[in-house]
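The structure under discussion is supplied below as structure tokens; questions concerning it will follow.
When the chains are written out, they are named A, B, C and D in that same order, and each has its own residue count from 1.
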Amino acid sequence: MTSVPQRLSSAPRSTASTPPLPRRLWNALRGLLLSEYFILYLSIAYFLLISLFFPTLLEPSNLSNQLTNIWPLLTIAIGQTFVLIIAGIDLSQGSVMAICSVVGGVILSTSLSKSVMSNSPLWGTLLTEKGGILSGDPNAVLVAVLLMVAVGALIGFINGTAITRFNMPPFMVTLVSLLFFSAFAIYLTQSRNIANLPDSFLRLGQGDIVSVYLGEKATPQIKRTELLSLVTYSAVIAVALGVVAHFILSRTVFGRQMYAIGTNRRAAEISGVPTRRVITLVYMFSGACAGLAAVIYSARLGAGRPTLGDNLLLDIIGATVIGGTSLFGGKGKVLWTLFGVVFFTLLLNTLNQMRLSAFQIDAVKGSVILLAALIDVTRNRFLTGGRVA
Amino acid sequence: MTALLTLQSISKAFFGVYAVRDVTLNVPAGRILGLIGQNGAGKSTLMNLIGGVLAPDAGSMTFDGKPYVPRTPSDAVSAGIAFIHQELNLFTNLSIAENIFLGAFPQRRGFPFVGIDRAAMRRQSEALLEAVDLKVKPESPVEQLAPGERQLVEIAKALQLDARLIIFDEPTTSLTTRETRKLVEIMQRLRERGTTLIYISHILNDVLSLADEIAVMRDGELIAHAPRVEFDASRMISLMVGYSLDQLFPPRTSTPTQTPLLTLKGISQPGIVKDIGLTVNAGEVVGLFGLMGSGRTELARIIFGLDSFASGEIVIGGEVLRHTSVRESIRNRIAFVTENRREEGLLMTSAIAENIGLVSLPRYALPGVQVVDQPRLERAVGQAANQLQIKSGNIERQAAKALSGGNQQKVVIAKWLLSEPSLFIMDEPTRGIDVGAKYEIYSIINTLAAEGNGVLFISSEIEELMGMCDRIVVMSQGEIYGEFTRADFDKEAILRTAFREQATQKAGDHAADPA
Amino acid sequence: MSNKFRGLALVVLTAALLLVNFATLHPTTVRAQAKKKVCFAFQDLETEFWVAGHKAITETLKAKGIDVIEVNGNQDANKQLEQIKDCIAQKVAGIIVIPQDGDSAVTIVKEAQKADIPIAIFNRPPTDTSKGIVVVADNKVIAQQAVEFLAQRALRQVEITGNKVTPLILVGDLGDPNAVGRKDGFYAVIDKYPALFNKPIEVATEWDAKIALANLEAAITANPNIDLIFTSSDFLFPTIRSILEPRGKWLPRGQKGHVIMGGLDGDATACKLIKDGFVDATGVQDLYYEAQLTLDGILGAIDKGETQPNRVLPDPGFALTAGNIDFREKDMWGCRLLAEGFLNKK
Amino acid sequence: MQQTRRERVVNRLLQSSTLIMFVAIFVIFGAIAPRFILLENVTNIIKQSAFTGVVAVGMTFVLLTRGIDLSVGSNMYLSALIAGLAMRQFNLAVAPAFVVAILTGMLFGAFNAFCVVQLKMLPFIVTLATLVAGRGIGTALTQSASLDYPESMNAFGVSSLLGVPMPIVVFVIVVAVAWFILTQTAFGRQVYAVGNDIDGAQKAGVNTRWVVARVYIISGLCAAVGGFILISQTGRLDQPFGKNQEFNVIAAAVLGGTSLFGGVGSAFGAVIGAVLIQMVQNGLVFANVNLYLQPMIQAAIIFLAVFFDSLRGVRLNRLKRRFIRAEA
């Protein structure tokens, strides 16, 4: 490009001089507010504030509870994050969880009572007194987990295809599959839960890998209450998923193309991004996450539940959006979602401990969410000097 | 003579950088003030200050003798200042009439009659459309209009306000020569009616022929303001860019070869194009000229695989294709710089680097899980950015939308450079770009040709095609009506060819028909 | 810019309000350290039955000077599990839970007993009743009793009119085991008298008045000659009424065209309607009795220092019918509420 | 062009796909259960879809501006509750109670509006929060006991004007007014403009903040009206009243062709959506379909409706492609 006259290159612009101290402080504050960790700071600040009034919140046992409560929600919220990034939405995750949970039960259950399950259409074929298909089989758990994830991905595939092939609005498509599959799950078991899952599976939701004991050494035998779970299987699953997801988003071609689609689908298409494939895959991923979450939840609750994840939808999307992911696409991070989830978990946990009467809880919950959002926009207002970016 | 609007040492800075610096300007009443300057010279910022979109950091304004402090755009409107913005500002989901009257719908009077007085609205819109002679039903939705027609609607909008000051911000960029002529008439008519106009444009001849006074901005400052007679094209340019640019088109350093890169044989698509035959050779710049709606863009989309074609074949590097797709075209090393950067070219809110990298991500991925080789990509992106001299902050951070039109266009080109194409399809690559940037784009095109690439250069500015191309192909009504080689370039002849079917040509109205 | 300060002001204000809110709670919580803490986890408060139960339990506990931690699972088994864990973390002395369903109950009981905290399950039995203090009312059996009485009425009607009776059942949320149990109870009776009944008409309600309204209206229009209605929960009687009344089918016993009607729960409305003769029978879970059993069970265990008390305390329940209302009235919680003027308060 | 005639026919069909679905479903259920076709039942269907429809109309306003209002369910509950309490306290008649409900609803909406417009918070978050808080306040007021309304309320619910049941009358009025506002008033057209490009609207001199604010207030108003006509039919307010209503409402609106991305939609769309959904539910009861299968069939039918609608969209886009030359 030597033929371009150098004269055209622009003259140096801004005149930077070292700012005075107050300005530097202000910048420091700005930095804090600007930081993408903001929601995290906010949650922690909130938590500490409340714990002034309710010391029990700081009890190690409670902290360890919160830890265990974060993972399942995170697992599913990550899937939602992906979908939101490409300017879609997945309302069907709850029903996917239900189906997957049933699938898990159908494979794993070790024994079933005829009187309970006999009107299920699966009775006699997949379900018998001896339990599910692979009851007692050593590999059952592995197969089950894989299959649950696979089924989730399959439903995601159906959603994705409907959306990409027929240009159906994601909202309606996933709403319909929400209605359909949750009904289908209940139909399969005729509203019964598939009980008696093997312990090897339950461990995934309940068992610890690392536990800590915080009592004084003296005590002869440790009371079970004081054994706190630190690293649980669900933690490992969720973190692993999170790492993978983060990697996909930030490092791979696929991730970049997702953001492109979410920002401007037409431009992406003209730039040779295989939009249909990417979108379909994203919905599959979201479904798979739901399947994985189903593994954790089913294991926690010790049954294949056709009603699993019924009331989860708003928590999922709420956590994701509070984290900072945009509903209009092109903007979102796994880390943000983690923070959003942390915020929601802390919120629920604190509410449980505030000894509010049942009749006040919702009012308080609502106002806290509102306050958080308010603080968030206010800081943005400060940074952008009155205008909202 | 009296000034309608006066600016007293107005300044506006963003993050410490002055966009407008200490500008003092008198806009003469009842005259046309031509305002010129490169993109980023501060014209648009200045207009936003006048229009109440931005608030000045320092300085004051008076309008019609009274102090004028607009807080919102509507303040400006009610004061009697109308804008015709650079980027069209129409609502595609509304009808033409509704767009014209959006700010102030005619209301039914008297009790039982409430709501919009559609009859009145229709009558008035028809009058206004007449004034900009756009022959379209006021009810027809804007989304069915061609860019040029939309521009005229914008003007009708301004007329409706019957504002005392109308600011035209590069109104002609999306117009065909025909429509431009029309616009000029309209503006003169306005002046006769006593309306004051500020006319911002990059097409210097238009400014020269139209303006009574001319003001020149550079780097946020007003560096010249005098009656037209004191200016000629070259002086204007030298004032704008700060040095004298003797000729507008850089010299071609290379000559085309005879090895065809792309050959179209009898490409037809019912209702769109018919029996198109066209060849682009390596190292050749082929101009594709045609009026708005002559089918040039549609043809480009077909070649690139965005739209399908019913019959005929495309031959690329000896390979015969009966149908093609975007990704296939990219594999075949074709690049497509689209007509509208905003909708189809860029991820406006994403970082410049993201944009440049987008097409070639797969080429910069490690085998296997397709992990992006970030360092390698960044290097390549950085190179491309420097090569094209994209003027920006940190390309990893700054969003594309923060760039001037010219630099945005360079980003689009850089994006394609990365995929190492051999054939460039460029649809109106210099639309809405200032002289300096245009010159750079031209130089880039020359270099591409010199490096042995083929360029299909689509434009409605004959001059630039004549300045740049080896051959010019003229399209009309979706057919190729003529072809000129550099030797016998002749503006009039080309235009005549393009207009040949004028009598039966109905592109405009066709587009406007609802249904 | 004033904008951004308005925003700031609002943040401060709201925060202040919340603080005050907590602060007011604060003192109680301080004393709470000294007091005995009992955790009461329920799954929702959406019908009179649950509300009355909630009221009975919390008030008795508070009266005993015990500090109650209430948590509402909002029909989400997992949320309830987390809440129970939170309770455990607070080292409560005991837990009372109205579980979302039998299977999650098992898990919950396991959690509590693992932490050596006595737990009692109220009204919804775990699938494995061997663990924890289980207060059971068998929905199926109670429903059966109620429907049985309806069947007797039907018999008499058939003797008069001669043609078979068309029964209709309002089915609850099929995700809810209670609803399913009641449905089973209903069918147990219907199948007992094949000669008496036509094929029943099922109407979905999903425990939602508006859905019940729509579907019932549709069903009645589809088959105008319904002569027996059984609702899986009493809270739907007003809905039924709003459908039948305009069609002149809302008539007391004895009048021609009276629709034989029964429900389950035994709430105040039901009691009133039986008295007024519109409803013939309702299956009663003896709410107060159950509450008493639960409280005695859990508090007893706490005092005795039992950490994993296991026993089953059945509530036989009974059917309050037009026949026995005069002398069983006092046993029914709804009627007592009615006596306290429940329906007219506010 | 050769196949234009056939194409024209297909397009005609797709154009009216929703209507065709309508008729088809109606006929099918009619065939299964003849009584389904009775005028009585048809009125029932409309009556039952009235409250969803009314709320959906309000939602349409919000969606048109690219916003969303998740709080309608709680709003229905709260406004109906306040009205009910007022009726009991000062034994109000129905009409004034109706006014009370509407005012409460508008107030609720105004709060959303304030957060969205003044504080520039995300509609989704705001209304999610008010969804939770609104019901919370209601529960706190009632201690979640259910609330019985005076007879007059039921009387209103079953009353009728010129033989048309009251709920339908209200429904029709709301839709008519909404239609008028959206198509015939400056505000209405500005709503569309805002949804299409809010900055542009501002540049064009539209007072966007006030437009958006009004939209949420209207949504609140409609929610209140919807809640009121529903309560006038059930006669009793239970704690879960209006719970999860938001999704049915949004579904109805979107099914009626309103876009979640703003700028596209109409008042009648909401009607179509609401009635279609209700008709299916009603028909399934008539056909006495197994309860476990009902929701699945319902889902399947909604899917079909959306499917045809988007097919139409694809077709229309192809038609929109501008023709340059008139082919011989």
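As a convention for this text, contacts are C-beta pairs under 8 Å (C-beta built on N, C-alpha and C of every residue); 3 or more make two chains touch, one makes a residue touch a chain.
Predicted model only: the values in this text are computed from it and were never measured.
K.L.:
More C-beta contacts across A-C or across A-B?
P.N.:
A-C is joined by more C-beta pairs in contact.
K.L.:
Which chain's C-alpha centroid is most distant from that of chain C?
P.N.:
Chain centre farthest from chain C's centre: B.
K.L.:
Which integer distance in Å separates the CA centroid of chain B from that of chain C?
P.N.:
Spacing between the chain centres: roughly 69 Å.
K.L.:
Just curious, how far off is chain D from chain A if you go by their C-alpha centres, in Å?
P.N.:
One centre to the other, that is 30 Å.
K.L.:
Could you give the separation in Å between the centres of chain A and chain B, each centre being the mean of its C-alpha atoms?
P.N.:
A distance of 44 Å separates the two centres.
K.L.:
By the touch rule stated above, which residues of chain A touch at least two different other chains?
P.N.:
186, 190, 358, 361, 364, 367, 370, 374, 377-378, 381
K.L.:
Quick check on chain D: which residues sit in contact with 2+ other chains?
P.N.:
119, 139, 143-144, 292, 294
K.L.:
Between the chains shown, work out who touches whom and classify the graph as line, ring, star, complete or other.
P.N.:
Graph shape here is other: it fits none of the named patterns.
K.L.:
Which of the chains touch, listed as pairs?
P.N.:
A-B, A-C, A-D, B-D, C-D
K.L.:
Which part of chain D faces chain C closely enough to touch in the complex?
P.N.:
Touching chain C from chain D are residues 33, 35-36, 38, 40-41, 44, 48, 51, 85, 88, 118-119, 139, 142-148, 154, 157-158, 230, 233-236, 238-241, 243, 278, 281-282, 285-286, 288, 290-292, 294.
K.L.:
Using the touch rule from the top, collect the residues of chain C that touch chain D in their complex.
P.N.:
Result: residues 3, 6-7, 10, 44-48, 51, 171, 174, 201-204, 207-211, 213-215, 217-219, 221-222, 235, 238-239, 241-242, 245-246, 343, 346 of chain C touch chain D.
K.L.:
Quick one: in the complex, what on chain A touches chain C?
P.N.:
So the residues of chain A in touch with chain C come to 49-50, 53-54, 56, 59, 61-62, 64-65, 68-69, 72, 116, 186, 190-193, 195, 223-225, 297, 300-303, 305-308, 310-312, 348-349, 352-358, 361, 364, 367-368, 370-371, 374-375, 377-378, 381-382, 385-386.
K.L.:
Contact residues on chain A for chain D in the complex?
P.N.:
Where chain A meets chain D, its residues are 91, 162, 166-169, 171-173, 175-177, 179-180, 182-184, 186-187, 190, 314, 317-318, 321-322, 327-328, 358-367, 369-370, 373-374, 377-378, 380-381, 388.
K.L.:
For chain D, which residues count as touching chain A in their complex?
P.N.:
Listed in rising order, the residues of chain D that touch chain A are 70, 115, 119-122, 124-126, 128-137, 139-140, 143-144, 247, 250-251, 254-255, 259-261, 292-296, 298-300, 302-303, 306-307, 310-311, 313-314.
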